[in-house]
Amino acid sequence: MITLLYFARLREALGTGREELLLPSGINTLGALRAHLEQRGDAWAKEMAAGRNLRAAVNQSVAMADTPIKDGDEVAFFPPVTGG
Amino acid sequence: MITLLYFARLREALGTGREELLLPSGINTLGALRAHLEQRGDAWAKEMAAGRNLRAAVNQSVAMADTPIKDGDEVAFFPPVTGG
Amino acid sequence: MSVRIHEQDFDVSAEMAAMRKDNPKIGAIASFVGVVRDINEGDSVATMTLEHYPGMTEKAITEIIDQARGRWEVLDALVIHRVGTLKPTDQIVLVIVASTHRGDAFAACEFIMDFLKTRAPFWKKEITPQGARWVDARVADDQAAERWKT
Amino acid sequence: MSVRIHEQDFDVSAEMAAMRKDNPKIGAIASFVGVVRDINEGDSVATMTLEHYPGMTEKAITEIIDQARGRWEVLDALVIHRVGTLKPTDQIVLVIVASTHRGDAFAACEFIMDFLKTRAPFWKKEITPQGARWVDARVADDQAAERWKT
């Protein structure tokens, strides 16, 4: 299982802030996970599309498409940050 | 008459912080005034000497050797500033 | 060095006084306070809600402070960022950097603020007469962080 | 815009709160506080006395603030400088600059501080175990002011 977190505009668009997911076999990078989520269709297809300016973190560190993902990880997707 | 002010280390070295002076005829720039004060001898000769790193103001604005001086002016001499 | 994320307001004087008392080598304290403006992108702002990613936020800001400590003499540093609902003129964020001399304090404080703006996971949602909207990231903020790479 | 010279201490939070309350366009407040250190030039400092040139001090600082306003967007600015006798960890000087965005606030605050250090008529005298001594002007301060000419 991995923990998936969604924040801000993305959380509202997907209608959820958190889910637990059994990592499908063959999905072992952030990029592959994002493509997998995109295939859920509807809001997921729109928000996870390659053209959307999304940021992500794996275990609370900034992550890129080739960042490895493994069972037990905390993976977060979010829009560009706007604090301060 | 002009008002002469001395600050900080200079004030202590000269033993005075303020004096009124009848502007001698022919003294009409800051540089000439400083040379005039240097001729008082002793501490004045030492502190007003050309080699001393002194700053000055005429009527509370930073002044140079060629800044004009006239009756009624407030003229201040002081070491480089060290506030803040 | 300290990072705090909470809803309640902060007291700049009290935070600076604690730093000064702890370390008599401190000669210079630079600080930055971000404030909610009543106008953003041309629209009036009634309130603003700040969301964050608990855990990652503290980690990201701690890393930014550590980077600043590697570049300048930092005797002490503090970041407080508020979350929850704020209104115009409210304080949002506080960065304080204490050093021996002012050049280091100013540079480290601005560096921390520039990277906090582009790296720390906070998101602002504004309530305007046109409704609620998520604030877009500013290109100027990316540029501000970019210039420290030289 | 305000310049105050006095013996009593100042409250950074109160001064910032007054600025924020006055102007809801303020989004960024940069500040600097100078603090008495317990060591200077290798000697321990027991107390320090600050002398100034009344009248010229206020005039010189007002001119520095006006120059900063000509270069950056300054919504409000405040300088407070203490005089009289101070001890280590005491606050000496406060510069606060408020602007819409942080780049202007930081630059104007550092500019004012750099020129205050080299232009405003204050002089420090330290009491150390070796006796009383007037503090020498620092070459680094002249250099800091010089770089704004570019």
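The chains carry the letters A, B, C and D, assigned in the order they are written, with residues numbered from 1 in each.
We take it that contacts are C-beta pairs under 8 Å (C-beta built on N, C-alpha and C of every residue); 3 or more make two chains touch, one makes a residue touch a chain.
As the structure is a prediction and not an experimental result, all values here were calculated from the model.
**Q** State which chains count as neighbours of subunit B and simultaneously of subunit C.
**A** Touches both subunit B and subunit C: D.
**Q** Using CA atom averages as chain centres, what separation in Å is found between subunit A and subunit C?
**A** From the centre of subunit A to the centre of subunit C is 26 Å.
**Q** Once you find the CA centre of subunit A and the CA centre of subunit D, what distance in Å lies between them?
**A** Distance between chain centres: 48 Å.
**Q** As a quick test, compute the distance in whole Å between the mean CA positions of subunit C and subunit D.
**A** The mean C-alpha positions of subunit C and subunit D differ by 22 Å.
**Q** Of all residues in subunit D, which are in touch with two or more distinct other chains?
**A** Touching at least two other chains: 34, 113.
**Q** Please set out, as single numbers or ranges, the residues of subunit B touching at least two other chains.
**A** In subunit B, nothing touches at least two other chains.
**Q** Using the touch rule from the top of the page, what pairs of chains touch, sorted by label?
**A** A-C, B-D, C-D
**Q** Can you name the residues of subunit D that touch subunit B in the complex?
**A** 34, 50-53, 55-56, 59-60, 81, 92-93, 113, 116-125, 134-138, 141
**Q** If we count contacts the way the header does, which residues on subunit D are in touch with subunit C in the complex?
**A** Its residues touching subunit C are 11-14, 16, 20-21, 24-39, 88-89, 91, 100-103, 105-106, 109-110, 113, 140, 144.
**Q** Which residues of subunit A touch subunit C in the complex?
**A** For this pair, the touching residues of subunit A are 5, 7-9, 57, 60-62, 76, 78-84.
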